[in-house]
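What follows is subunit A paired twice: with subunit B in the first complex and subunit C in the second.
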Partner chain A sequence: MTSTLDVPVSAAANTPPLPKRRRQRNGPLIALLLGPSVILITLFIVLPAFYSIYLSLTNTQLTGFAARDPQFVGLDNFTYLLSNADFLGSLGQTATFTLFSAIIGQTVLGMVAAILLSRPWLRGKGLFGAAVLMPMIVPEVVASLAWASVLSNNSEGTLNRLTGLFGADPTDWLQVVPLTSIIIVNIWRGVAFAMIMFQAALEDVPAELIEAARIDGASAVQVFRHVTLPLIRGPVFLYLLLTTISTVGVFGLVYFLTQGGPGGQTRIAAIYIYERALQFSQIGIGSAASIILLVIVLVLGIVYVRLAKVEV
Partner chain B sequence: MATAVAPTAPAPSHRKMRRRPLTPLDRVQRTLGYVLIALLAVFCLVPFAWVVFSAVDANAGPNVQWPALSFDNFVQFFTNRGTPLLLVNSLIISVTATVINLALGLAGGYALARFRFAGRRAFMFGILLIRVVPAPATIVALYLIMVNIGLSNTLIGLIIVEAAFQLPVTLWLLAGTIAAVPIELEEAAWMDGNSRLQAIWRIVLPLVGPGLGAAAMLSFMNVWGDFLTPLVLLQSTDLYPLSIGLFRAFSEYNQVDWGLLAASAIVYLVPPAVLYMFVRKHLLRSSLGGAVKG
Partner chain C sequence: MKRNRAVALTLTTLVAAAGLSACSAGDDGGDGPVTISIMEYQQTRIDIVEKLIPGFEAEMKEQGRDVTVNLIADQLNDEQFKTKITQQFIAGEAPDVIDMGESLVPGFAGAGYLAPLDEYLEDWDGWEHYYPQFKEASVRQDGKIYSLLNTSGVLNLFYREDILTELGVDTSQPQTWDELIERLVEVRDLTGDTPIVLPAGSAWGGGTWNEGFQPLLGGTDQDYYDPETGTWDLESPGFAAVFDLYSDLAGEELLPVQDLLNPNPWQPTKYEKFPAGEIQVAAQGTWGWKFDWGPEGATPIPDLTEKVSTWQFPGLRDGDEPFGWLNLGGVYTIPESSEHKEEAMLLMQYLTTGEPLAEQLVASGAASPRDDIIDVKPYADEPELLQAGVDQETSVFVPTGDGSDQIAQAVASATELILTGEADGQEAYEAFVRDATELLGPNLVKE
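The block that comes next holds the complex of A and B.
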């Protein structure tokens, strides 16, 4: 980062052009103000990303023989991973997890909540809104702990009692349908963020347009499909981008409940990386998995940005 | 629980906004709307039942049951040997990291807002792009770096890392907030004989309160709730924050003290919940404002 130099270009529109002398004296000041931030970000965010690339090309281990003398192994880690059923399965689980929890579940429920809470006739908005927000504002460990009791295999577990009302036998949810369970947990946690984003977007839709469409005889569903939705397209794609990124990075919520089990059925990519690198101490392979994950996220990000025509 | 029975009667209409009378279809739609939102609220709140009930239950177990009301679990949390330390560690880590993050973010945000220099736009874009990187993807390399510079398994190491993690958002937020303060105010202060830093201290700082508050809260909540980073960077039990302490306590399948666990969870969730209620309004405003500028 060599960005702390001050050059005499014509300044951007909204700052009054300062005299040249003055601007050159600002160099050290800028370095002083921004320098520490640049150093911290470089050292603890940018450097690890590049260091991962290096590590992914070696057979670095935490312990054992290769720990003392890591060798350069080229793309071996990548060819290993891309032909490894566990890793490919893990990517598949990450995709399923993200698709059903973030892109479908949170988006649909968040949109329903945002639309209902924007109805003028709905009473108790504050109460309903606060209820939906609760899952988001508690730490993820508390969220997992709360769900551990809901999904408990015990016949007295909350969900088992509920299904028991319909005559079903108690089930060990995290053993029988682990992936579905964590998808539902993650939907629960993310509805609020979707709701907030969509509420802000809906506020910007001119009420006259809705009114006009209603007067022309459009049903509520038609209005939403043909008037509202096209108008909030940008924010919706922006939300999809943000939620996809944060869902791919989910770790604690799932690790707390299943630790990747049973039999690796909930071993999403974040858990795969953690297991490989820090529990089996295969740093090289773990780093290669990180890089693959990173590339996928970057590609997704670019696709979304293009679809949404977001200007950053 | 707060899932009040949905009143299906139409809201009393204001005199000015008199509408056509409700058609049967409207009534059905409204009823359906109340049912939906009530179901959603129940879905969101029911999982908390166990945590809330068990925390005040003298004989708490792993399942929801009507509590034998007592605050023994909380007394235990604050008097046990290990548990108060979890809270202290969490506070030390989150408060210190937030203070460092704000100090650096304020200085850096000022530079980004007030000066046009080469690489400024690239830097702003870069810190936006950093948000794309999922934390688990860099944690392994970060761990090795921390081991190499001798800061793994130390609170100071974790604090610096957490402060750095929150910097991109803080910089972005504060750059936007500071740019909204008219430069003329500062120039007037310079005329009165203040130095640049004095002007920042006396003029800018008091005016960016809401943005600063939002940044502080966001940063504190993220550090407070972080699970992965302390899990990887800390190995000593006496350095654990609440997140790791709760996880370890829960994982000891045979001898979980459910009441104590639930009480710890309540202690752990109160600070972010209270903070959120405080700055909820500022948050949306300043995060949107910060996102639009740049």
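The block that comes next holds the complex of A and C.
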């Protein structure tokens, strides 16, 4: 049996088109319902995005005499950035951060949590689910404060207290292993969303298929690998798309904990853009960096959508 | 149809009423009541300005003016403040009076955000009492003045006299950096500490340039900026010498490298280790006596004046003499978009005159930029601040202009390469020249 599963699954795909007169009659209602969203998206997303593209082609600055008379510089900002070691380094750090925290960490742990919660034998599901959900509902600043305390360099830091039980000296975790630290924090924060997505997907897997595989002698791992995973591949790729986009854009958590340091070791792209555009007032270069990041995310998005079209 | 007309008429009336209401709110008339706003972002200055505002309002009443001052108290660090006020300038929403670091003025004045004050200063007798070096340093590249100094001081090396004496290390003024490095090595060997902190790296923000690199540079080379052409001479020899000094200090393990790479490097260095005596020497401005380590400061050091003393910066290259660096601390400015420039200027004049100025100087730990405050209490009761006021006359200062933000950025990045061990002094200097050339563009670099 062969079928194609697209992401997102469109319910409308199987619905016959509305007759022309009915569509015309519903036109004002559709416009009324969609209008506010369209206006807001246009005002706050589309227009700023186009303005960013315009700024990226200029040498606009926020301070200094150059701020009075911005000049069109063509692709100079892009050429500068693509040959700039700091920017390329920030892209590399963003890739590492996204790969380990979102694509591997959150996805794997989210899947494990979702599978555990779907097991009938698990006791205390409510407590377990709440514990996993907690990081998602905590505001970003509070989460950052909590982790600043956990990773604090003095002997009062939670992690240092734990390692101290084994006789270890206090360590400044955000200085010694900064990238690993923020990866762990981001995994902690994002695992709940992954769990919810995967839990919903797992509930849609027909129990009879799993039962049939079991009767045929498949082990639990084989069932997951050859039955469950192909059936939920769509939602998994949808999650990967969403988490990649949101993780590439992470700013507050990293800025609060390390501000891109030490020595630029956690200067992910969002921090680099902030530094350039707002701290150093070079809006033109900052905008160009944003556009490059946007293009990278779009390419990744297209790859995910293509990969999500799988045969079962 | 009638219904539509009625709706249209109602809407028109509402819009017109709202418009008139907005007009009346914005139009205060010539002699009518006026509300102006002043922004402060450091707690010490928030407290003192809040205390002084009623005096200004009362004085205005005596003059027959009805001026109310709204204090916008927003506690921020320097970088946060810069980001926020820049956005407000662009949006035309900046307060009528802004208290900011003098180092921000070239960038903001250049961009056209600040109002020139020349006409107001010409008519104000208080301006005559400002020391000539400050009046000269306030003039920007276009020949205009955009800021009124409210605090000043001298950057020096503050050292823990009690600790060095206890260790048996010489506490006399070091004449050269070689001499000082010898003493620092002695301290390092005796204590295991990294004994000196100079602002360095990206995390210290603009302070790396303003409070670390530039004072060292200005003491050995005053030709790195040409005010006539408004260009930076990146090949001026002082740059390489200062990068070499940073490299030597890091190489000898005299700088607290890990702390300097911390997101808030002043916290472990100036606010923890110096008060604890674990860093024994710190590049520091006059404000250290009050703002950082005074009884009401960020981290008070008990019996401060008995435990801490100051050296001038030693000479760096052959023939250099020890020197202090003149610090143009804080200034008041008026945004070009302000609708109440005259009243804003009156508030600035009030705050930079007599007792109000004396109180601010003591609260901030600053020397006076004026010659007529020496006998005014509570400033008159502060020997360290008075001494800094005297030292200002002989201190070094190199006025700069457009491009100082970019130079600060390039210096921060290059010194960070030294801290992370990726470059020695020469390599850091080369990286600085490369970055600064790109950032400044051809018009601001001397050929």
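Annotations for the structure displayed:
In this text, the second predicted complex is superposed on the first by the 267 of 312 C-alpha atoms of A that agree within 3 Å, B and C clash if a C-alpha of one lies under 4 Å from a C-alpha of the other, contacts with A are read in each partner's own complex, and residues count from 1 in each chain.
In this section, contacts are C-beta pairs under 8 Å (C-beta built on N, C-alpha and C of every residue); 3 or more make two chains touch, one makes a residue touch a chain.
Given the structure is predicted, the values throughout are model-derived calculations rather than measurements.
Using the contact criterion defined above for the overlaid structures, shared-chain residue A:Ile103 touches neither subunit B nor subunit C, since it reaches no partner.
More residues of subunit A lie in contact with B than with the other chain of the pair subunit B and subunit C. Once the two complexes are laid over each other on the shared chain, residue contacts for A:Ala269 go to subunit B alone; subunit C is not touched. Judged by the touch definition given at the top, the superposed model places A:Val191 against subunit B, while subunit C stays out of reach. After overlaying the two complexes on the shared chain, residue contacts for A:Val177 are found with neither subunit B nor subunit C.
Of the two partner chains placed by the overlay, only subunit C lies in contact with A:Ser281; subunit B stays clear of it. In the superposition on chain A, A:Ala131 contacts subunit B only, with no contact to subunit C. Of the two partner chains placed by the overlay, only subunit B lies in contact with A:Ile30; subunit C stays clear of it. In the superposition on chain A, contact is made by A:Gly261 with subunit C only, not with subunit B. On subunit A, the surface touched by subunit B in one complex and the surface touched by subunit C in the other have residues 278 in common. Contact residues of subunit B toward subunit A in the complex are 2-4, 6-7, 10-11, 29-30, 33-34, 36-38, 40-41, 43-51, 54, 62-65, 104-105, 107-108, 110-112, 114-120, 122-123, 125, 127-128, 130-145, 160-161, 163-165, 167-168, 171, 183, 196, 221, 224-225, 227-228, 231-232, 242-243, 246-247, 250, 261-262, 265, 268-269, 272-273, 276, 284, 288, 294. Note for the complex: subunit A touches subunit B at residues 1-7, 9, 11-12, 15-16, 26, 29-30, 32-34, 36-38, 40-41, 43-49, 51-52, 55, 60, 109, 112-113, 116-117, 119-124, 127-128, 130-135, 137-143, 145-150, 152, 154, 156-158, 188, 191-192, 196, 200, 220, 245-246, 248-249, 251-252, 255-256, 269-270, 273-274, 277-278, 283, 286-287, 290-291, 293-294, 297-298, 301, 312.
The residues of subunit A lying in touch with subunit C in their complex are 59, 61-68, 80, 86, 172, 174-175, 257-264, 278-282. Of all residues in subunit C, those touching subunit A in their complex are 79, 82-83, 86, 90, 106-108, 110-112, 141, 201-203, 205, 258, 261-263, 402-403, 405-406, 409, 413, 416, 419-420, 438-439, 441.
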